[in-house]
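Encoded as structure tokens, here's the structure I'll be asking about.
As written, the chains take the letters A, B, C and D, and residue 1 is the first residue of each chain.
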Amino acid sequence: MIRRWGYVGITAVLAVVVAIWAVPELGRDTVTFVTIGQTGPDGGPPLPSLSPDLLIYPGTAQILLLAVGVGLLVQIYSTAYLGHHPRYRSYALVIVLFLIAMIAVVGTTNLWVLLVGWEVMGLCSYLLIGHEWESPVARAGAAKAFLVTRIADLGLVMAIIVIGETYGTYDIVGAQVAQSEQPRHATLIGLLVLVAVVGKSAQFPLHTWLPDAMPGPTPITALIHAATMVAAGVYLAARLFQLYADSQVVLTAMAVVAAITMLMGALFAWVQTDLKRALAWSTVSQLALMLAAVAVGDPEAGTDHLLAHGVFKALLFLGCGCVMLAVGSSALSSMGGLRRRMPVTFWTMTAGFAALAGLVPTAGFFTKDSVLHAIERATDGDRGLAAGTAWVLLVVALVTTFVTAAYATRLWVLTFFGAGHGAGPHGTLGQDVREAPLAMAGPLVVLAVATFALSVGQPLHLGTGLLSTVIAVAGVAAVLVAARRGSTLAWAPRPLAAELWLDRPFSRWILALGTGASRVVVELDREVVDVYPRGGESLAATISRGLGLAQSRNVQRYATVLAVGVVMLVVIGVVVS
Amino acid sequence: MSLLYPLLLSSALFGIGLYGVLARRNAVLMLLGVELMLNAVNLNLVAFDAWFADRMHTGQVLTLFTIALAAAEIGLGLAIVLALFRAVRTVDVDEVGR
Amino acid sequence: MNATEVVFVVLSVLAAGSALLAMTSRQLVHAALWLVVTLGAVAGCFVLMTAEFIAWVQVLVYVGAVVVLVIFALMLTRQGREQGSGTTAEVTGNRWIAAVLGVVAAVGLGATTIAGFGGERIEGRRIGTAASIGDALFTDWVLPFEILSGVLLAALVGAIVLSRSGSDR
Amino acid sequence: MIVVALAVPFAVGVLLVLARRFVPSRVAAWAGAAAMAVTLALYALVWEGSEGVSGRVDAPWIEPLGARLQLGVTAVSWPFALMTAFIGLLCCLWLVADDTAPALVGLVLVVSASALGVFSSLDALLLFVFFELALIPMWFVIALWGTGDARRAATRFLLFTVTGSALLLVGIVIGAVRGGSLELIDIRPDAVAVVLITLGFAVKTPIVPLHTWLPDAHSAAPTVGSVLLASVFLKLGTYGLLVFVEPSDHIGVVAPYLAVTGAFGIVWSALACYAQDDLKRLIAYSSIGHMGFVVLAVATRSDVGVAAAVFGSVAHGVVTGLLFFAAGSMKDRYGTTSMTRIGRGLYARTPWLAVTFVLAAVATLGLPGLAGFWGEVLSLRAAYDVGEVLSRPVAWTGLGLALLGIALTTAYVVRAVRLLAQGEPVPSDADRDLEVREAVVMGALVAAVVVLGLAPQLLLDVVQPLSAGVLR
């Protein structure tokens, strides 16, 4: 027990240090550099180095505080949720390593440090998803997550190299300064960054790893796969936005990706029968919303929504963990009627669902409103994105708002209401279904408070605000009415339930291709490439056999050869002389 | 008498002896071939001695030596053939090697 | 062409023909006997070249000793196979190469001698009496002669050692 | 200083081989470790800076040929030499056990010293002599202490390398004749000689398709043999390419082929790795991939390329050394390196071994922050820059293949981790965690991997002034 709280202590120290460093920056308008890298002697970029250059501005400080805050809460939560686990030490230490990596990604201005943090986050995610490595599902999910994100990360590696070659520095600020003088290679850089973002933030078409990562421990899902790491993709897109802001190609591609992903994620979230997986799809959808904000040229709105989403999605996942601990499963069919037994979880998750649905006065409403407003502003077509694209994006976003409200309500209803319909294997709620312990409920309360507190001081845009509220309320009401009429809320068309078969290339085709190719290579290595050594061998053997023929062990043959030789020598001698 | 007659006979005997050495399967007859070639040489030596007629009679003396050596050679050779025959029960040079 | 030459040519043809038969005969003993004819004819040639001593040595050593030895060897090495089938090729596979080589060697040597000694003649002097040979042998050639006797002795001992059967070695 | 540093391990090694019947195992191993420690210290102290040659020794040798005993280290060779001495030391420490053959320690010393000689030679003929000197002891190491079809694998290794050496010697002679001297700086190989030298070193490096000796040799060799082969021997190839081919005026003849085959080798070896069951074969194939990055970097003929090649080589030395030591630990325990036979769940069965293995595996896939990354990323950058001699399509083809290779590398590493470290544990009697000597050796390498990963400047600062033209 004491050792478990020791890890909480380590995390707390980390959080306090970051807070001391970041909190004063929250209100500041100016940008603070710690140090700045310099260009190489020959005008080209210097060889890569991991300089401790740091850059803080208010958005950065917020995300840093979000990361360490959620991290601390997750550590506290884990002491109760996972305290019995024999491998608690590695679990807790990897979380600390993850937080350090996240701080590096968010705080640095050196692209290589960013990359190191970025990949270490991916590694931690891999290790934590696979924490229950006895289970094949966890192993598969971890491997898939790592593979997909790492392959996408090659985009970031190349983007960094291109940035270095283009602007002669691996420093973000330096590159931005150079870009403001003469922008170059915007499309290339932007597309490469987009690849990395799509992978890390689980956007279409690389989105399938995130739902499959759900076998990981639920606190980890809350921290890494909802609040921080997946959001880091959007953060990166926002951070490097200036470098590709001029490229309409990149912005359009980003908008298209965002539009497809947000609607798709929301629809998939609707049809899920598993609470955790539904929340995962919801994360995908919300990340797409943030990316849409970046695409329409308002990365600030994107990071704001990132912040709010980080809080309420962490809240939802942690609440989901409480529910899972109580009923022993994350399947919606085993839940229902939990609101009396688990009042704290119920009320805090209600706040979370409200934020997800975008209802006033939660932070989710305000930040989503900002995003919608940004999209709406982009429809005049002078912000880099074509007006038509922006209109489509706006419509999709509004439809998504409706679907989001609907599925949030559906999950809320199915989890907490219905007085035990389908509750437990025996039809009634078991006696062991009770409220989560304090270490788990406490963080929920903190996050729920934060869900409301973050809305303080947020801007309000009346037009889009009203519109989105109406749409969200319509979504909520439609579901409530259907539920009241006795619907099981199980409307799930087959293509949606199968998630449009988008996972098939990853789970089957690419795997089969790789396995087949590797077999072919091994065969070729053995049968074809090895031909020349074997050919050399048989050539030597043939020659030696040929020469061996002369060694017939027959005196007469030797004598014959000798005689022929003598005669030939004589003939040659005569002819020459 | 023309010097050519013994020389040409010598050439012919040498060629026939060579053929015998290279072609006969029987080891004893191979040795006979060798004797024929030696005889051809002897013929040459004597012919040149008769033609040159030096005081030391080099050709004839060498012929004598050759004959003696040939006798020694055939004696040793046949002894070897006999030993070989006792070892492998054949004097067929094609089979001895196998 | 005088009488000596006529006799020499006749002897030559006899020697060459019997040599050819000796080297091609299927019957091993016949081959040895044809060799006797050859060696005898060559001895006749020696006589015609006035080398009587050599001729007698030839007859004594070759016809008398060597051929007898060969015939003994042939009989001692009789193989069962040969008695069964006389059709076994007594010559090896490379007899054509051997024949060509023999012809080439003979023709080459003959051509060389014709080119080198075409017009030369042997005078009718008596060169090969026992007296003159003995004189040369025991004055100028005495050292090689003695060495040769050592060689003969060694060969004798060697032949005895070699031909003893494995059991009493 | 360098003479002493070379002579000590040579002498101790030869002594151990000669007195193999009279020396106890542990004494032999400790003596070897002491010798290598002296060498490592001397090599560390000899450094005088990146400009010029450090610790130069110059003595007459074979005057009629113009060959002189010229020793010294440059900015390029010093990292190689340090890495070799370090690995040699760890190999000797690894052999501190009761069942070690003293002769094996001796041969390890001779091999290490020969490799150090290659890295320290400033004379082409001397380099070649050391190059060959390392081969025969290696044959004994593989053939006598190997497992499986060791004799065949060792002979295959020997034949491949000796064939390469023959080409190399011809190339050196041509270059020396044209350059008028056997000094490395003066060697001027013409186009034919460059092709010959490249082929010679390509066998050693190895470049696909000249690689088929390597998996056999690695999987058959004993643990220290595998480590030496991977960490030191392959570097002889890359070092040779760096010293002979990279500065040559005729590199353009071979550069496109080097770039494409090097990058193709990354993909090829990664695919081959994916189908392996034998862990040592897998690591062997992964070495081919890493060398592919180095070859690609060399082919660009740029300062970044040189830095990439040096960093890639050194990083591969420590990372793959670590992997082979981990595989060796498994072999010591389970008597096999077949992943299916070792069984799953090493995390639970031998936690520290499993963690070390996973760290090494993650380093080998080039995770940023660990040593393997910087060599790869510098190669990518060199290829993106195109360099002096390549055409852009060729360089970018190499770049694309290399990226694909990185992705595939991740796949096989994840597969290996899944097969070995994760999964429902199947306990076995042989399960025991790291011994002290294993922990020391692996700990040293882990430290090296992490330090090189987090502070690449340590090494890059050594190589960087190369742009001022030390070797060119």
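The rule we apply is simple: contacts are C-beta pairs under 8 Å (C-beta built on N, C-alpha and C of every residue); 3 or more make two chains touch, one makes a residue touch a chain.
Quick caveat, the model's predicted, so the values are computed rather than measured.
The chain with its C-alpha centre at the largest distance from the centre of chain D is C.
Chain A and chain D have centres, each the mean of its CA atoms, that are 36 Å apart. Between the Cα centres of chain A and chain C there is a gap of 104 Å. Mean C-alpha position of chain B lies 69 Å from that of chain D. Separating the centre of chain C from that of chain D, both taken as means of CA atoms, is a distance of 74 Å. Shared interface positions of chain D, defined as residues touching 2 or more other chains, are absent. The set of chain B residues that touch two or more partner chains comprises 18, 21-23, 93-94. Residue numbers of chain A whose C-beta contacts span two or more other chains: 556, 560, 563.
Arrangement of the chains shown, judged by which pairs touch: an irregular graph that fits none of the line, ring, star or complete shapes. Screening every pair of chains for touch gives A-B, A-C, A-D, B-C. Chain contact summary for the complex, chain A toward chain D: residues 42, 47-50, 87, 112, 115-116, 118-120, 123, 126, 130, 133-134, 139, 143, 146-147, 150-151, 154, 157-158, 161-162, 164-165, 514-515, 517-522, 525, 529-530, 532-533. Looking at the complex, you find that chain A touches chain B at residues 552-556, 559-560, 563. Put simply, chain B touches chain C in their complex at residues 1-29, 31-33, 35-36, 39, 42-43, 46-47, 49-51, 53, 55-57, 60-61, 63-65, 67-76, 78-83, 85-87, 89-94. Residues of chain B touching chain A in their complex: 18, 21-23, 30, 93-94, 96-98. Put simply, chain D touches chain A in their complex at residues 156, 159-160, 208-209, 211-213, 268, 271-276, 304, 307, 345, 347, 362, 365, 367-369, 374, 377-378, 380-381, 384-385, 403, 406-408, 410-411, 414-415, 418, 421-425, 454-457, 460, 464, 467.
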